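What follows is a short report on a single structure.
For clarity, chains are labelled A, B, C, D, E and F in written order, and residue numbers in each chain start from 1.
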């Protein structure tokens, strides 16, 4: 399956923090850190853990510009 | 002003497309492309143009993981 | 690639409208209509057209409840 | 009050999980499951519980397509 | 129908701009301007026009803080 | 740094609730309450506390209209 989401960045998971419902996943993307706040259920379903090669996915309408 | 948004990536604008209301801004972030769909009014207010050093800003709750 | 996004609904494209930058895709999901506003570039890259079997993907943090 | 949100799907709540700040609500929409991550305060204010007839609301700019 | 969305601010429409697919609605909320980018189809369905008393609705997960 | 986000409302923090990963910040904006659900890490990094003068930031594509 190919996704409409324009932003699909390759990276490596550097940290995973779990709470009851939410989880925070840190990904190194070419030397800069991207943080994803997703559900704990998704972290467990995908088995996301430190060292994993993952794709960070972001819909373009969610991206802002600062200048 | 400091922002709560966790993701603030440095990059260079490589393309700007304008429509009546929306605009599409492409930013090179360490060799990977990030696309932002923002309003044309914001592109004009900030004067965003190819070659600009900008910051791509994304709230962590908008980021998904693919594995 | 498996996605962290919790909502992945199967459906059939019933309409595609294109503008300069944005596009509107209507999908029949079990008899109810779901509308996706994505970029025209994504519609063209995926070749989305009426009759396609697609997956509608929505991050759970984007879903509200009305009661 | 009528909403601008294009996606308003009828369904039945099948599960509610509560944390300190966040909550996860599962809704059956025509045989497919939709998960909403909303605040616990909203679950309590609306009195959302298993068996409730609810409307799942999603702004069209939040919907992606996979093909 | 009551909404889970935490932010529901009363205001008055001060401007409506239409494009092919998208529309931009400006609302005066207690002296500060809030801009909503929604679909043209929603503007037409609700009949949104300058002078209307409306409610601006924002899910709390979409709100950032600057300090 | 100037932001593309169209909505930047001045307000005063009236409450901060912390969980393991998420936090809820209530801001008085001209007499109406705006709630932001951000990460606890962001609350701590910015040192957000009751009484702070802050800016509430919302991308226009996240705003809905009710009428």
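The rule is short, and it goes like this: a residue touches a chain if its C-beta (ideal position, glycine included) is under 8 Å from a C-beta of that chain, and two chains touch if they have at least 3 such contacts.
These figures come from a predicted structure and were not determined experimentally.
Participant: Just tell me the minimum hop count from chain A to chain D, counting one hop per pair of touching chains.
Facilitator: 1
Participant: Have a look at where chain D meets chain E and say same if over half of the interface residue numbers show up on both copies, different if under half do.
Facilitator: Counting shared over all numbers used gives more than one half: same.
Participant: Counting C-beta pairs in contact, does E-F beat A-C or the other way around?
Facilitator: E-F
Participant: Per the centroid of Cα atoms for each chain, what is the distance between chain A and chain B, given in Å?
Facilitator: Result: the chain centres lie 17 Å from each other.
Participant: If you average the CA atoms of chain A and of chain F, how far apart do the two points sit, in angstrom?
Facilitator: Distance between chain centres: 23 Å.
Participant: Measuring centre to centre with CA averages, how many angstrom lie between chain B and chain D?
Facilitator: Once rounded, the distance between the two centres reads 29 Å.
Participant: Among the residues of chain A, which are close enough to touch at least two other chains?
Facilitator: 1-6, 19-20, 22, 24, 35-39, 41-42, 46, 48, 55, 57, 59-62, 64-67 - these are the residues of chain A that touch more than one other chain.
Participant: Got a list of which chains touch which?
Facilitator: Here the touching pairs of chains are A-B, A-C, A-D, A-F, B-C, B-E, B-F, C-D, C-E, D-E, D-F, E-F.
Participant: Mind pulling up the chain B residues that touch chain A in the complex?
Facilitator: 3, 5-10, 24-25, 27, 29-38, 42, 46-48, 52-67
Participant: Name, in rising order, each residue of chain B that touches chain F in their complex.
Facilitator: Residues in contact with chain F: 1-6, 36-39, 41-43, 45-46, 48, 55, 57, 59-61.
Participant: Going by the contact rule set out above, which residues of chain E touch chain B in the complex?
Facilitator: Interface residues on the chain E side: 17, 19-20, 22-24, 35, 37, 61-62, 64-67.
Participant: For a test of understanding, state which residues of chain B touch chain E in their complex under the given definition.
Facilitator: Where chain B meets chain E, its residues are 1-5, 19-22, 39, 41, 59, 61.
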